[in-house]
Structure formats: structure tokens, C-alpha cells
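Shared between the two complexes below is chain A, which has chain B as its partner in the first and chain C in the second.
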Partner chain A sequence: MRKEFPMLLTVVAALAVILSQFFFHIYNLGWLDVLDKWSNLMWAIAIGLGVINLTLIHGKKIMRRAPGYYNSIVLLLVLYGYGILGLITTTEGFHHKWIFDNIFAPMDATLYGIIAFFITTAAYRAFKVRTWEATVMLLAAMIILLGSAPIGEAIWGYWGDVRSWILNIPNTAGMRGIILGIYLGGFATALRVMLGLERAYLGGVGGR
Partner chain B sequence: MQRLQALGRRPIYALVFVVGIVAFLFPLGLPVKIGSDVRTVYNALDALPAGSLVWVGAEYDVSSKPELDPQVVAIFHHLFQKGLKPVVYGMWLRGPTIVQDIVAPIAEQYGKQYGVDWINLGHKPGTTTNLRLMTSNIMEGAGGVDHFGKPLADYSIMRGVNALDKASGFRHIIVVETGSPGSREYLGIVSAEKGIPMSVATLTMSIPENKPYVESGQFTGQIGGLRGAAEYEILVGKPGRGASGTDAQSLAALLVFFLVVIGNIGYLTSPRK
Partner chain C sequence: MLLAQDAPALGVFVPGNVAPFFALLVFCALVYIMIQRARAGQRIPEIRKIPGLEAIDEAIGRATEMGRPVHYTPGLGEATNVQTLASFAMLGHVAKRCAQYDTRLLQTNVEAFVMAINQEVIRQAYLEAGRPDAFNPDDITYHSPEQFAYAASVLGMYERERPAANIMFGAFWAESLLFAEGGAYLGAIQIGATANTHQIPFFVAACDYTLIGEEMYAASAYLSKEPVLTGTVVGQDLARIGVFALIILGTVLAHVGETNWLTGILTK
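On to the complex of A and B.
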């Protein structure tokens, strides 16, 4: 039953969603709304599970004085400290918001900003005319790069038009193929789950 | 010549830094040409009758603020100039908080009152399933409260607004996005199903993946990166951080181009190709 019951639940829930999407009368039964509310509840439970999981893993690390255990102390302090502060003052409270605006936001933006440095060195090393394919990619990348900023059109008035053509025609054709492939793959996986062929989501219980 | 392909990381990092500083200290002020993707978004919003509700999906986080904040500023200038009523919501945890900080001063500038002319429903857990719930019942989807935890029933803007659909007065959706969940989820769950046109405000790197949807007409248009923000700022007559940021982008793009060229000169002149 540990295997069969979750699988049965999955199939019933999936069928309820699919049938509701395709048949108007079934949609009117309101199954989707009920499932959506249950899903929201499960999100909240998942967050609680995540907190318990983090506490157990890092609590054990601290108890065993494992290498880098002090990082675990910081993590748990921030997790509980910031969480409790948010519960007391709400996320719009002065102290909670101050920490977010003045510590988290600048650090996150800085990490994102650093990517510019890495991308520049990566472009310098990777974009070489080694083969015909690499040359085509290099040319397309340079046209898009300069065309994305006003400097492209300042150099040559039609630079933006060439960029638009690349984006609108070859890029769109390629992206459509990729998107269709992704959705067909997703459909095939969903079908495998519903037919009980894909069991990895059972977390090892009856998994192949 | 061969040494040109073996520049170390540090000089390149230093060059990127210098280019950023130069752009900041000495703005180039290069003219920005308005692209069709941005113009279609502007035209679509401009054509809406005053008082129409516009759903704004704040689907991004602080890491994307430098590129997306200027877009949000320009969009809200336009929405308030036209007398449209934005309803902000976020599947991303911090999206509505970020947008709240940006919009509040702009709303004040136009004399727009919170709860009357615009509202922030805040972030609600449940991502896509909650978004779908919004299309049938906003009160339930929002848990009956706004971003500040106050009852939605207290706000006049929410009168007669039952769901994220046309019947409630929603005429356009703008998704300011970083990734998933974002525009794709809005397209499948809301726009296609409820027949509400939607536009996307996104990062420069996401422009190519959104293009097929713009070309097919599923997205009205897209505002891409700082360049898109600059174009929108020009259209609404409010030049700001988007326009000034494109200078740094121009110089950085030129630097990358220059480095790639000299790297290839070094590669082509190398006997060990």
C-alpha cells in the first residue's frame, strides 16, 4: 500500500485536473478550485517540512562539531531569528524591512552584478573562430550584443534591424522547436507518471 | 600577437570596472531607437479606457532589480498618466514588496490613492495553483487581504472585482519577470483561458526565449532589459535609470566586442591553433 496509495492519489488528482481543463461540465464541478486550495495548504506544509529538515541536518552538524559547523550556527540563527522577527513585526515592519533592504538586497544584487565580470572573461575565452559553427555563433552573439545597446545603432544605423531579424526569424524558429520539444517531453513524463511507469517521485518507495 | 589570446582575468575585471565607472561619470547620452516590441506594449496600454484594471505580476527578486526596476517605474508612470488602475500581485515572495516601494512614491506624484486607484495584493503562497485560484476567486486566492494584511473588502478598488477575468474589468496583464513562475504560467493559466491580452517586462537575456510568443501574438509585446526600460521611459516622457544605464551597457558591449576581436587575432596568429 505504501506504493499503490500514493500512485492512486497521483492518478486521481491528475485526471481531475486534465478532465476539468478539457470538459466544461467537469470544470463546473469545481474540482480545480478544491485542488488549488489543497495545493496551497501543501505549500505551507512543505515550508514547515523544509524548516524541520534544515534544523535536523544542521543541528546534527553542530552537535558533531563537523567541519564548518559555525556556518550551520549562522544559518539556523538567521532562519529562526529573521523568521520570528517577521512573525512579530510582519514583513513590512521596520526592523524586518531594514534588514531586507540594507543587507539582503545589496548582497543579492552584488552577486548578480558580479556575473558581468565573469561573462566578459568567459566571452573573451570562449568566442573563438575555431570552426564554421563557432564562427556563426560568434557573429550572431556580437550582433545581438552590440544591437542590444544604443552603441550598435550609433556605429551603424541598421545594426538594430539586423539584430531584430536574427531574433525574429532564426531565433524564433529555433526557440519554437525547443519549446515544443520541452512540452512534448513534459507530456510524455506526465503520461509515464499517470501510468505508474515513473515512480521517482515516490522518494524511493517502489522506485525503479 | 599570440599573447592577445592569453590575457589574465584580473586585467579584464579591471577593464569592466573602469568602463562602469566611466559610464557613470561621463554619460554618453546616445540616442535610443524605439523598437516595435516596446511600442506595441505602450500602444496597447495607451489604448485602454481610463479606469480599466491592469494586473501587474511582480514576478522577480532583488537580484534582477537593476534591470527590472526602471521598467516598473516607466510602466507605472504610464498607467497613472492614463488613469488606469493597477492591481499588483506576486507569485515570487519579494516581488510585491519591491514593487510597493517603487510604486508608492510614483502614485503620490500623480495624486493616486492606495486602495482607490491601485492596490497591492502582495505575495500569496501556492504559485501557479494560487494564480489559477485568482482566475475564479480573487478573495480566496488573496486570502481576503492585501499586501499589508488588511481586508480587501475595505478598499473601493476591489468592489465588483471577483476574479482575474474580463468580467471584473481586467483589460491587460503585465508580467515583470525574472524566470519561472512568470509569463509562461500567466499565458497558460490566465491570458489564453480568460482572453486577457498580456505583455512581458523581462531581463535582456530572456528576450530570445520570449520572442516566439511575441511573434505569434500571444504576448502583445515585451520590454527587454535596460534598453527596453529606456525605450519605455522615452515613450512616457520620463527619462530615468533605464536611459542612463544604457550608457554603461553600450560601453560594456563595446569592451566585450573589443576583447573578442583581440582574442581572435591572437588565436588566428597562433601557430598552435
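On to the complex of A and C.
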């Protein structure tokens, strides 16, 4: 029963969504809206449980003076401090917004910025001419770079056209093939879950 | 969203969804036929060799030899994301191998629901491997619901724990390259799998093995070698042949200027 009941719920919810997508009269019953509301409600309950869980785990850590307990103090201070501030001033309040705009946003942007450097190092390894596939990739990348950078246009006026051709014809064709496979594969996976053939999400190995 | 003045197509269908409904029926029929053939013990085609999946045991074996942990992340997808659903099966396999080889598995999460499921998947895998005592719930960690806070936290964990194998299997966005390059700096064997097409090039550039697109969805069938699961993959491939036939038909009709009736059927 521990596995059968969740599976039954999965099948019923999936059928409700599928039938609502295709059948006009079932769509008008509004099952999708009901499921959406339940989903939001579950998220809200999960957040509440998460806060209680975090408080208990880190509270115990602080009480026991476990290694790294000072990190737990910071976590609880930020969790409750920022939460209470948001409740008092609303998320549009000056102090709440200031903390978000001047601490969270720059740190987020900084980490995002690191990707530029990582792209360079990853590309360096990937573009080493070791195989003919890597050579083709390197040539395509060089043409795309020359077609995108102003220097390419200065060297030869048609780099932009070649770049557009590579992006719009072979690249799009390949990408659409991959996307087609992804959609069919994704649906086959969903079907396996619905039919109870893939039960890994209930705890198990190798799809069963 | 349907409007009040909308009328059902053919009396019952949501307008615009008639062709997708019949396409779905054909797809389900193909998968069902293949499952029945597999159940009856009739011959069905095998899944071709997928190097990225073959390399999983090699990666975990290397981590075991080096005495270093294995890191597994399902990415940022929610539990309802089909990529995350595919990831659970892979995690079960990885956890079972780690339990058998007595190798520490570090599993990081960004989603609370996904973490709860992952805990159960790993616990069950250790149980099936006969090593419930080796299961350590503290190695399954929740980091942050924020994309880059999670990425920063995982990169910090890389430095502290230095995993020798890094398996990234699920829905990834911009953090994919941070994980993959971070792992490359450690010299870890890296296996990346995602169906998010904008992230596949990053995995191809930075990982030792990449599962592209639908290969990740075939993982559970490939690893379990169960004929019934393989049957669903075969059915999916037959559907793909049908779609390609439709593309060729559309291309021919477009060249002779006769596409109206086909688009009329497909958009009904």
C-alpha cells in the first residue's frame, strides 16, 4: 500500500491533466485549476515544514555547540530576520529591497559572471584539435566568432552571412532533431511513470 | 485559456488539440504493442550502446580506488519535471553501485521535494545492495533554492570533499558549466546528462561523457535491461520514424505548394 497509493494518485492526477488538455467538456470542469491550487497549497505547507525542520536541526546544532555551529546562528538570524523584516515592511519596503538589491543581486550576478571565464577554459579543452569532430567544432566556432565580432566584418564582409547560414540551417536542423527526440523520450518516460513501469520516484533501483 | 464563444472541435475536443490527441493515441499504441511483445518474450530490438551510461561503473570504480567520494546532482528541476523523474532511476543505480563498492555518495539538492524523494531512493538502493548500515542521510544535503547560491555551495563542497566522480543527471540551466568546470578542475570523471538543449554544449565541452537529449530518458531501460522498459524505448523510436516520415511529407508538399490540407489536419 505504501507504493500503490502514491502510484494511484499519480495515475489519477496524470489522467485528469491529459483528459483536460484534449476534451472540451472536461477542460471546462476546471480540474486543472483545482490541481494548481492543491499544488500551491502543498508548496506552502512544505515551506512551513521546511522552516520548522531547519529551526530544529540548526537549533540543536547550536545547543550542542557542534562543529560549525556559528554558521547555524547566521542561518537562523538571516532566515527569521529577513522573513520578519519582509512581513513588517513588505517585500517592496526600503530596507527589505535594499538588502536584496545590494547583497543578494550582486552576489548572484558575480557567480553568473564567472561563467564567462569557465566558458573560455571549457572551450579551450573542447576545441583542442584531436579528432575530426573537434576540428569541425573549432572551425564552426571560429566562423561564428568572426561573424559576431566587428573584426570579422572588417576582414571579410560576408562572415556575418556565413555565420547566419551555420546557425539557421545545419545548427537548427540538428537542434530540432535533438528536440524531437527529447519530446518523444520525455513522453515515453511520463508514460512509463503513469503505467507504473518506472517506480524509481517511490524509492527503487533501475526504474523499478 | 478557452473563451466562452469557443466551440468544441468535432463536438468533443479542445480546439487545436484534435491532431495531438490522435498522435498521442498512436504513440501509446506503439508503446503498448512493444510492451506486449516484450512481455510475451518476442524479440524486440536492443538499445544501442550508450558510452555515458557504460562509464558510470567506471567512474564509481575510479572513485573507489582513489578513496574519494562520488557526487550526484539532479539539477534544478522540480519533482514534476520529467528529467527529474528520469534522474531518480539513475540515482538509484548510482547509489546501489556506491553501496556495493563501499564508496561515499554525496548527493546535493536545490529542491526540497526532490531531496525527500532522493533520500528514499538512496535508502532503498542501500537496502537492496544489502548495506543499509552504510546509508548516511547526512550525505544527502539541501543547499539553497536559489540557482547560484546552490552552485556556490556545491563548488565549495567540491573543494572540501574533492569527489573523484561527478554525475550530473537532470534539468540544468546556467549552473551546469559551473558544476562541470568545477569538477574538471578537480580531475573528476564527469558524466553530464540533460534534455535542456541550451546546456548540452556546456556538458559536451566540459564533461568526459555526455548523454544528449533522449539518451537520458533511455537510462532506466538501458541499466535495468528489463524487456518491458526496453519496449517503451522501441515504441518511442517507432514514433520518431513516423514523425520523420511526416517531416519528409511536409517538405515534399511545401516544394509543390500543397501544404494547406496537411496544416489544416495538424492544427485542427
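Definition applied: the second predicted complex is superposed on the first by the 164 of 208 C-alpha atoms of A that agree within 3 Å, B and C clash if a C-alpha of one lies under 4 Å from a C-alpha of the other, contacts with A are read in each partner's own complex, and residues count from 1 in each chain.
Convention: contacts are C-beta pairs under 8 Å (C-beta built on N, C-alpha and C of every residue); 3 or more make two chains touch, one makes a residue touch a chain.
As the structure is a computational prediction, the values presented were derived from the model and not from experiment.
Of the two partner chains placed around the shared chain by superposition, chain B and chain C are both touched by A:I179. In the superposed model, A:R125 makes contact with both chain B and chain C.
When the two complexes are overlaid on their common chain A, residue A:V12 makes contact with neither chain B nor chain C.
Of the two partner chains, chain B is the only one that A:P150 touches; chain C does not reach it. In the superposition on chain A, A:D108 makes contact with both chain B and chain C.
In the superposed model, A:R192 lies in contact with chain C only, and not with chain B. Of the two partner chains placed by superposition, A:I73 touches none, neither chain B nor chain C.
Chain A residues in contact with chain B (one complex) as well as with chain C (other complex) are 108, 111-112, 119, 121, 123, 125, 175, 179. Within the complex formed with chain A, the residues of chain C that make contact are 2, 6, 8-9, 12-15, 17, 20-21, 24, 27-28, 31, 35, 79, 82-83, 85-86, 88-89, 91-93, 95-96, 112-113, 117, 120-121, 123-125, 128, 146-149, 151-152, 174, 177-178, 180-181, 184, 195, 197, 200, 202, 204-206, 212-218, 220-221, 223-224, 226, 228-229, 232-233, 235-236, 239-240, 243.
Contact residues of chain A toward chain B in the complex are 32-33, 35-37, 39-40, 43-44, 47, 90-92, 97, 100, 104-105, 108-109, 111-113, 116-117, 119-121, 123-125, 127-130, 138, 142, 145-146, 148-154, 160, 164, 167-168, 171-172, 175-176, 179.
Contact residues of chain A toward chain C in the complex are 18, 21-25, 27-28, 46, 50, 107-108, 111-112, 114-115, 118-119, 121-123, 125-126, 175, 178-182, 184-193, 195, 197-198, 200-208. Chain B contributes residues 5, 7, 9, 12-13, 15-17, 30-33, 35-36, 61-66, 94, 97, 124-127, 129-130, 132-133, 136-137, 140, 147-149, 204, 207-209, 211-212, 215, 224-225, 227, 230, 246, 249-257, 259-260, 263-264, 267-268, 273 to its touches with chain A in the complex.
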